[in-house]
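First subunit A sits with subunit B, and in the next complex the same chain sits with subunit C.
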Partner chain A sequence: MSAAQRTAVVAPVRRRSVTLGLSATGCVAALVVIALLVLAVIGPMLAPYPPGAIVTDDLFGPMSRAHLFGTDYLGRDMLSRILESARYTLGIALPAAALASLTGTSLGMLAASAGGLTDAALSRAMDTLICFPSIIFSLVVVAACGSSVTVLILTAGVIYTPGCFRIVRSIATDISAKDFVHAARARGERSPAIVLEEILPNMVAPILTDFGLRFVFIVLLLSSLSFLGLGIQPPYSDWGGLVRENLDGLSSGAPAVLIPAICIAVLTVSINLLIDSLPSRKGARRG
Partner chain B sequence: MDDAAAPYVEVSGLCVVGREDGAAPVPIIIDLNFAIARGEVLALIGESGSGKTTAALALMGYARRGCSITAGHVRVGITDVLALPPHGLTAYRGRNVTYVAQSAAASFNPSQRIMSQVIEPALVHGLMSRGEAEDKARMLFRALALPDPEGVGSRYPHQVSGGQLQRLMAAMALITGPDLVILDEPTTALDVTTQIEVLWAFRNVVRQLHTTAVYVSHDLPVVAQLADRVVVLHGGKEQETAPIATILHEAEHPYTRSLLAAAKPSSKVASTPVAADAKRDVLAISGLVAGYGGLDAQGMPRFPVLHDIGFGIGPGSVLGVIGESGCGKSTLAQVIAGLLPAAHGTMLLDGRELPRRVAERTPEQLQAVQIVFQMADVALNPARTVAGILARPLKFYHGMRGAAARRRVAELLDMVHLSLQLAERYPDELSGGQKQRVNLARALAAEPKLILCDEVTSALDTIVAAAVLELLAELRRELGVALMFISHDLSTIRAICDQVMVLYAGRAVEAGPRATLESKPMHPYTELLLASVPELRTDWLDGIERAALEEASAGLTMEDLHRPCPFFRRCPVHLPGLCDVQPPPVQRLSKGAAIACHRTEDELRQAQ
Partner chain C sequence: MADASAATGSGTIRVSASHSVVLGLILRRTGLSLLLLLTVSIVVFAGTELLPGDVAQIVLGQSATPDALAGLRLTLHLDQPAWHRYFTWLFGLLTLNPGESLVNNMPVADLVGGRLGNSLLLASLTTLVTVPLALLIGITAAVWRGSPYDRTVNLLTVAAVSVPEFLFATSAVLIFAVHLHWLPALSYAADADSFSGLLRSFALPVGTLAVAIFPQMARMTRAALISTLGSSYIEMAVLKGVRPVRLILRHALPNALGPIANAIALSLSFLLGGIVVVESVFNYPGLAKLMVDAVSTRDMPLVQACAMIFCSGYLLLVLTADIVAILSNPRLRYR
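And then the complex of A and B:
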């Protein structure tokens, strides 16, 4: 083997194709998620009508040329409302899920690597937090601080931190007992390096999967809050809120209730599909 | 074939080839023929890589990945095995032919009770009802002399010892009443003192049930205890087939003779003369006490494991640490590595105090002592490539990165005889032996003075283990690195060590040059260890009395640990009133070893 060949073989970069190693399903899911994100940003500019304006007498109107997604229980244009609400759903649920994942992961790692008193204290605190039903907890917070996007993000983020914490802590504890972590300790590596170099790389997949799950929960929590009047304040709404406010149209199969429900389904399913199809080395390179 | 004289199992013209990716096929088994009569135990014997396991697997119609059976016939009873369709093969394996592997632990599901796993083959193949299967299992447990045959089934695999698990695995293999049982090195991973008992149980059950069996082993003395006839394999070819007595006493083939010579107790490697000017030891340890749990008022650990251990390792020399599992070998390695801080004692590295905790050691000290673990697969980070794993210590100790690091990774791989192509693989894409080589390479990346090898070959197949052992010897020769080589296996220790230390219940009972294992008198425990190694006679196992057998395999109890001499209960020459009252003194024997015992050299010589 020539010297040139040698370096080529040990070159650290693994060449990836344009699909980033995603499967076909993963590519579709990624495109959908990107499209929804774009809509969330530019949606309001595309809306044919102002979101709060009552534009027709036809309540729960069907899909038509004038109202592509029909009209709602007050006679407002659904397309405009969907486009307008996208940024609330995505703009709250994504950061809230990210916040929950981030704090849950950091605290979980801290508990697992520090052990002892730190671990005990953190675990008890999380256990206490998880005891409050999420609706009651948000009720109290929103009642105290008022409802704003920031408050909603923080509330949802805090509510779903313990779940992530528990998962991360238990997986990290398992991994810490493995010999490759012992080997790193024996090498003299310090805890932060061990967490970042040895433990965390083995946790990316479970953390992302957990993130997908939390995201779905948060979308549902938001719609419950809107229903109670504690979420996004009218005339604005999120997709879950749209479903709730148009629930009466369900018996007649009105698009006003179906379309936002479908939007939620498409969003949550594609996020989870995207996460699941992220190239997990194992499946990809076996055999 | 309805000829009444036709043998029960017949293999003819068997050829198996193996292929590394892209490379030309290599023959592994070449035109192999043998037959087995009903109720006969046939041994396939040969050294590592001779094709024993491949031949045994072919009896199940199975070829390992990368291998294929290219020619030949295998008939078991009335079944033409190689002609079976895939679904037929599945039914045939596990019912008509069963397999007992080297590591029973790997074959049991840790989360299921033993009974349900032992009877599963019988239920899967619909041979009997659950109740009948459980009755049969209990009958087998009794035949295999398992303690508590009624209750053992309701335990979980981790609640029984390794020797018991191996016997339970045999029960699982026998539950379907198979036509043929294949035993593949079933005692190789066990302590010698446990092996005796397992061999004894296997032989009894085989005789009692008239089982037809193939016994695969590299160990002639072990085979001599069980087999009726032996096929000697070398390089995939049959060298000689003869009844065991003939093989032992009038072997014809020169290769068989060389195997016999190798099995005779003798040292294979010339001892490297230890520098006479007694250069300062790389590592010198004295009065080491360590254990688990917090320290009590006297500064003793709540669960003490190691007691007053002391030894030295010279530069480039190899200290072997031997003892039964649980005696504290791994604990010793962890204490030296600083992972488990010692409670008492001093450790000197190159004559300078080595702090007990890894966190207090200087970079030079950290770099000088490296540890390699037994379980190669969990010792490698599954999320990193081989190159990434090796780059870590390079950056950590030597600040090496980029092209320099890549060059060094290539060198390290070369040192452990791994192909550069493996650099970009992840650990789960490597074989067990390759993983252990990467572990060694990671230790070498530090450029250490001493590598602590904790049973590094014990979890590997014999063939792979031998190669890793050879590699270690080579590294030590070429790099001058000293090794502390921990093993439960006498022959492994003999193959590589200059000095040996025999541990029993966390105490060094005998220490000295390797020759100490060959010459008497010796510490009573060392003698028991050696006496448990099977000898090259067919009647060796018969000659061992039941009482001696029990003594050999009697484990440690809590009570033993608190005796001044923990070996007291098992010791054939113990002195009641002395050994159980006063700690045994350390004395030098004329052969150059030190032992901890109340008996004098003369007394021991007479007893042995």
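And then the complex of A and C:
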């Protein structure tokens, strides 16, 4: 086969510019997301006070020069608490989203390439999982297994696997019907090679987009769990847990209640705006 | 591949008299839902009862006396095989007698009964508020798509979709109860005797829930109408000079109604997520609050019953969405 003939049937992997064709909103959102990720890693080093230390008698103190984000229900510095808790919010949601994406992608590819009974069995299993509203599923798991970090990561990972599975399966099914896949098959390439070299490279963009969406859902789910008092248990806490422990300050309008909630919103809204402004994506849907 | 439609559970259907075909599709879809509900019940039961440890030990904790453990094992029928317990439990659920609460020894049915009504009330009030608003915003955004109005709506709804419900709840309390003193704060007065009192006590929970599910609904409505506006018969209508208002009301909307209704039923299923947080924040005596409390006291029979009710409600909404889609889409009848 000549080189010209080969290029005609090679998978169309697109190249992107540095800004990924993002809009201004998208660029700002991307910067915010990167900044938050960096903060989660180096945050505790920047904290003005030790995060667990009670530094003032002023409970639910207002924002001030000494305490930029005010103080919490025990008189601890909120800024230090938020920097510390970022690790739990991001550090649990990231592996959970990665787990969901990995399992969803591998099972989705398997279902699409194997077809037949494997496909039917996997699809029905995913259908069953999708019947659980995510928060109800996690409540049942927490009731049965408690809420250690491992349990939370596994639960969130399992809950969001079917969404990824469905998307990957349907895109992979579409792609395997395309000419360049038929060509590869005609060349005599084996199925694993076709999956890895022809199909997967064309799915990187949708899979990454989906990963971002799953990550947002998982942050929201885990924050809600913590807010209900059923997520990460004290003395550790994530941003949702910070909202809960300071809820008593709500009636006095303490910043300690609102600021962690706003942090979550900044993270999730930025990711969603970033995804929404990706050129490949029109009309985002939740699911 | 040919079976891309497998997700809806439909196979190949011959082109024939449409009514019986549609009925068949709906029956098949309903049957599938019932089957899924059965698998859900197995997952819920297995998840809560077939743990590696011992349920009695988990419920009572490490410091339980052997006597208490033995007593609870007997109450939970842990001496019987798992399949036997599952069928007893399933039969109990179906006959509205899902056992007794472990914490206060009351029948689960009594505990759930009143709470379910309260939650349904909250959900229906929210639906009443949200649906018209979401339709209005979604349709206008679709009609003026690309305009600054549409872009603003888009930005706001993307943002609102990704904000945790408790941020809405706490900010609403802060603004309306703490600063403006318009509404009662974190309390729910079930015995409010006047209409305005009732309105005031429901305003914050319903408002929060509405804000939580509204963006999703508006976005899906917009998407549904836009996909109709993209079809060639609409282009034809534009080309022959139909005026915009008539184009939307007479040509586009009737065909978009199905997808829109489908979108609304689907977004209503997000109510379930929101209601858990909202009931907890506002101390609303609903089913979700009951379930959260049951989870923290590890009251397994209560958790199981609540989980089954929520999953059934969720499946019912998704089923409704699918049936609406089947009824409104002639193409589904001849596939």
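Worth pointing out:
Note that the second predicted complex is superposed on the first by the 190 of 287 C-alpha atoms of A that agree within 3 Å, B and C clash if a C-alpha of one lies under 4 Å from a C-alpha of the other, contacts with A are read in each partner's own complex, and residues count from 1 in each chain.
FYI, a residue touches a chain if its C-beta (ideal position, glycine included) is under 8 Å from a C-beta of that chain, and two chains touch if they have at least 3 such contacts.
Please read these numbers as outputs of a predicted model, since none were measured by experiment.
In the superposed model, A:A144 makes contact with subunit C only, not with subunit B.
By the touch criterion defined above, A:H182 reaches subunit B but does not reach subunit C. Set side by side, subunit B and subunit C differ in how many residues of subunit A they touch, and the one touching more is C. Once the two complexes are laid over each other on the shared chain, residue contacts for A:E198 go to subunit B alone; subunit C is not touched.
Put simply, subunit A uses residues 285-286 to touch subunit B in one complex and subunit C in the other.
Listed in rising order, the residues of subunit A touching subunit B in the complex are 1, 6-7, 9-12, 14, 178-180, 182-189, 197-198, 201-202, 204, 281-282, 285-286. Interface of subunit A with subunit C (complex): residues 25, 112, 115, 119-120, 123, 127-128, 131-136, 139-145, 166, 170, 173, 176-177, 216, 220, 223-224, 227-230, 240, 243, 247, 250-253, 257-258, 261-262, 264-265, 268-269, 271-273, 276, 283-286. If you check the complex, the residues on subunit B that touch subunit A are 334, 337-339, 358-359, 361, 363, 366, 369-371, 373, 375, 378-384, 387-388, 392-393, 396-397, 403, 406, 409-410, 420-421, 423-424, 426, 428-429, 439, 442, 446. Residues 1, 3-4, 6-7, 36-37, 39-40, 43-44, 47-48, 51, 58, 154-155, 158-159, 161-167, 170-171, 173-174, 177-179, 185-186, 216, 219-220, 223, 226, 269-270, 272-273, 276-277, 280, 291-292, 294-296, 298, 300, 303-304, 306-307, 310-311, 314-315 of subunit C are the ones touching subunit A in the complex.
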